[in-house]
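My questions will all concern the structure given below.
Going in written order, the chains are labelled A, B, C, D, E and F, and every chain counts its residues from 1.
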């Protein structure tokens, strides 16, 4: 099992959700985050003073997956979230040792979906 | 410039057709219920009162009347933060700065354009403005802002020679009114309109469309002559603003994500406390809006108007809440708030004509109307109006105008058709004007922001700042 | 219906026992300090003034008095958003929509029930209402909403024949007042009461309990005859509301998580800016509440009342802040805000009776009382009152009522005991009434929401919407 | 105590040097434009009017004038929540409770110190206060709070014997004014000042510095005699407050993170809706601030003042928005809001002297000034003023004061230099006073909070509570 | 060492905290999240329009644990957070390579508790 | 590759960012969290009632790193975030299996920086 963490542009969340649904990935958890990356931020003005915004709003998605779902999920996210410009985001994948459904106590493969 | 003149000419058709000489007198709404002033005058006729004494007493009465108009103007002023709160509260947090900016600018621009041309366009009668050549006589139009500061003109403008109130007080009250018409549009187009286009639209709307059309009734124009009645502006202010909202929202199209596969989706507002506080401020301001439209501190009329205003709002809010409770299983706060506003808009045309129970009935009907109008516009017209401005101001504005022919002291079949005539007479030129201006803007600088800007929010796109810096928000759920 | 009649009969005991004929005259609070009106009258007696002239002048005076009552009513209206802000600010964000909805509905329902029966129950004297058979005479009760729109009745209701102000203005001011009594309850029961039960309770509270009890004093009933004094409602409005808050909060029980192993836990409010703005709005509204209770624009009385009101509030706020600073090491904003409200409630009973320093003393005492009352109710009575409504309105209301016997122009032992009598006389029937209504509601539709609904928040449970859509919040910390 | 006397002596220099006998009469601003009152008086002179009748009419006029002063005081009161909103909106959420607490306390403390000594220091003329020995005569100073409640003194203080309004109304209006001077300081020092130091500073500022300096002009002191004109306080209130803001902000130093390697960084405010609502409340309050400064309900003057106030604000807001649009590519809401306030401060000195177009010009200039002042102070003076208080109140206050010599009925070279004299005469003692008090506080209990407290936010540090409990916020971005 | 990530219903946070205390687990980090799972969301109305709420509020708990604490912790969370209805949440467990206490520089087993 | 998760005091975020920049670590993602740790919380008063604040505001930083960057990053964070008092925070390090840049589809070492 894998745990996939994706950072995407906030405005792409709906598109990504849609793309995942089409691949039958219904479960995920979402948080907001501030991101610092190649997209170095932008310069804005507040009361006439330049303000370097280098922590940009990002949306963080966490999905636990059985191994065979990993590639389709990555593909779905990439295609839905890609605009081609800097700041599109990253996907990180780590190994998930165990997964437990609190309601039933089921574990691992059964619990994940 | 040519285009503008053409537009103005369109607005001017009935006036030109009629060739009436409208007088420059300020409007007198106290025609039906006998007021204090009349009583005073009567008393003065019965017995011989020393004219010096009478003058002294009338000077004091003038002070009160004038003070009330000014206070009413201040109360109407509070409607602007009210609108700002309602509109930002009922939309997403990523567009909040933009909405606040628009609402702030509308007051500033509204006051200035009204001083530059609106006030004089509205009140001296339109025929003085469009001269023989059909072009604007700038001199006559720009009367208010260029008023001389010398003693002579002050005497004429600052004494009771003008009316129950000074010319300045009249301007103050009317200018606060005027800006509300543009604010109505603001809510319906939130979240996608280009800032510069909106500001230009507002300026011409407040500076030309509203006052010229307003002069037809309040400037004692042709509709006034026909017996059309609109006490404080169900049609002149709210429907006119509502038509503007409808046209521009239609030209803009819905926000991204509002219609998915043709089905309307809800896009919840980001702050219900803001929305609720805004509605309370509007309600408060409305006491000045309607109460001040008596145009004197006449005890009878102002008391009556305050009570009818309060009761229609209460009835509207309660009804809309109950309807949403029945229809959607749970009572919707935003609907209750819209119901209050609907009741207020509904009573505005006949606030001085209704008995208490009639005000309640008008409010109840407005509450029902608002609910179904919001849903109808959302689902069937598929016009995206984030705050329900069209339902509240246009639909209830029409209802209120017609209600004058159904209930109250003026009710009657012929009055009903006069009211209907008024509704139509205001609808046509407003729609044409707004389409024209909207179309020109669309063709030139563009009406709508870029898609990515809309998705990131207009706060970042148009202003480069956030409304709630430091708060973790989901901007796209 | 039977039950209702029984309840009404309970409320009616002293009246029935006494068989007084209360007159329908509006109350006159200007009994102690000589006012302008009296002066005017005197002046008129000294020399022979042409009655026509006098009438003309009195007409103008009537305009001012009436305008002030209406303006004061508008200011009192702003207390409703004030309450809405304070109550939602001091509770958690998951209940915000619910609180806003309740406060909005209270205004709407309050205005309507007061028009349907409250106003006439309160002012024509109660004995006219409960006829020989002891049942409600609907005709006499429902006077306001059914008032005819014809010229004849308008004349009587809209001229100075009625009082210093029109009948309509009187209704406007009193109706705005009435709804505040129910709002007081709203804060104490926040976060757990069932919406429908609360709305029903509010309607009968504003429509029956408040006006019937109010008639004992302001309707010139038996307590008025006994010399009980309550200028603007420390007891009639605030204690009555406070008793309601106490009873219903007791019947409901505390919010989940408020008491853990018998120890009180703090549940912090979600928005201090909302709470602070709310208190400022309440303070502002109070200038209308107390100032308008002069029932004329009398320069001497209104000035005095404004000053005492301002000073008591300032003293209360400052004192509560200092007490919390000393007791808890750090100054608590919410205590300072409660202190301001405590000072305002405290001065309300005798705002026209106090010298400046006496107002300050009343405020200081109120500030101390509020602090310890909040803690006492929380820790020892173990009644969960999220916003401190009981401490502010009930405890300080009692303090303010008694203070009339201790300080100011009326101070004296016998007055003190009359005041005490008044406090008790209002406590008993209010508590009985609220217990009865609360118990009936509990036994029928239920008073409290389900546990899971309470934990998720009433916004989702009762309204299916969030107050701050898009914001990331912890709803259960 | 000695130090305090020394400070007071510093403030007293011109008075002592001049040995004028200032009368205790309330100020009369209606000197230039002829008002209603004058007209009434004239009328009364022309023909013989029965004095009894005249008295009756003047009693009614007195009621209106007095009512207006009280209402204006209530409107000024709303400036306090206005300041609270603006200041908390434009700073970070971690300091919000602290700012709200400060603003709440300023009203409370301000009202009380003004009652204890401020009012009498300001109006009976300063020379009565500093007796031969140069020490404070507590009896004369503490007149207001110790005013007797007996009939005799009530008669003198509550009738038209005092002025167009009662002594109480005068206090009410002036006390609301006074507290604003301290509030101005509050914004500039937000986010780092120690609470106790700030409260002490505010108390002496409102209780001593403001009223003593105020007496120079409004107490009919030496600057009044020289012909210095400041209608409603561009200098007396706003510059004085602004100098205080400058000095204390300078003594405090900038917030951590404001200057990194000598470069100014923006620290965005946490809630634009709060800031915007605050500015609207201030604008509304300003109608009372300027309109009430007419000190009567004179129709001509009040109307004129309302219009000039509205137009200057509109022009200021619009201009600042446009300047920031041009300079920074995107229009800055907070600049537009500052521009409105700048326009209001600018018109305050000459609101009754300007024609409409002059008010607009003053507003436009103020809008430009505000923008560059904010940037200049931020970047070049390197004084950290989170809300722009110095730019708005000090810089625009000076501009407005000088504008009286440039535009309007009093314009002229000599008047200009008199105005300049006034500006300087107020600057020097205010700066000295604030430096002295600030320095003493710094040396004793300390001016600034600990670094870690500042970083965690003053809400936790000073009050142990959060403003937005349950919301997930970044407190340090 | 393991890193345990649990998604629970927000209203269960206090109960879970309590249960962990009883098992002597004092350290944890909490964030809010929006979750999409078997609990498909519910249909609500906003201004008369149906609104499909499919991202529900969840609370995310992150706990770093020495291996022997894993089972008790899982048990504690499951018992405290279980209501038996859909949406109770999930627990994910991953391997933690290293743990450092910033204050002291201690690492691993010593740092974790 | 490693995924590093650090909990620090919120007021230290700027200092940590600065320290990482100096070590050429430009990319990171930040969220807010509430933390429960050795710093047992503090007792405050709200309306006169004691309130035990045991969930304190923390800032959570997530950084994906190539292995050779791990030590410098840990050092940088520790030195910048350390005050020496309880509550300074923790760093957790887990193994990152894969990293994908959404914009380009690059993976692993190339994608991470």
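Just so it is clear, a residue touches a chain if its C-beta (ideal position, glycine included) is under 8 Å from a C-beta of that chain, and two chains touch if they have at least 3 such contacts.
For clarity, every value in this text was computed on a predicted model and none was experimentally measured.
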*Joint neighbours of chain B and chain A, given as chain labels*: D, E
_With contacts counted as defined, which of the two, C-E or B-D, has more C-beta pairs across the interface?_
B-D
*asked:* I need the rotation angle between the copies chain A and chain F from a CA superposition, between 0 and 180°, in steps of 5.
replied: 120
*Take the average of all CA coordinates in chain A, do the same for chain D, and state the distance between these two points in whole angstrom.*
52
*At what distance in angstrom does the C-alpha mean of chain F lie from that of chain D?*
47
*What whole-Å value do you get for the distance between chain B and chain C if each is reduced to the mean of its CA atoms?*
34
*For chain D, residues that touch 2 or more chains besides their own*: 50, 53, 57, 60, 64, 71, 268, 271, 277, 328-330, 332, 334, 464-465, 468, 471-475, 477
*Got the chain A residues that touch at least 2 other chains?*
30-32, 34, 44-46, 55, 94-95
*Using the touch rule from the top of the page, what pairs of chains touch, sorted by label?*
A-B, A-D, A-E, A-F, B-C, B-D, B-E, C-D, C-E, C-F, D-F, E-F
*Which of the residues in chain D come into contact with chain C in the complex?*
50, 52-53, 55-57, 59-60, 62-64, 66-67, 70-71, 73-74, 77-78, 80-81, 84-85, 88, 96-97, 100-101, 103-105, 107-112, 115, 144-149, 154, 158-160, 165-166, 168-169, 171-172, 175, 195, 271, 274, 277, 462-472
*Name, in rising order, each residue of chain C that touches chain F in their complex.*
264-266, 268, 324, 327-330, 332, 334-335, 338, 371, 374-375, 378-379, 388, 474, 477
*Which positions of chain A touch chain D when the two form their complex?*
34, 44-51, 55
*Within the complex, which stretch of chain E touches chain C?*
10-11, 13-14, 30, 32, 44-46, 57, 59
_chain F - residues contacting chain A, complex_ = 3, 17, 26-31, 62, 64, 94-103, 105, 111
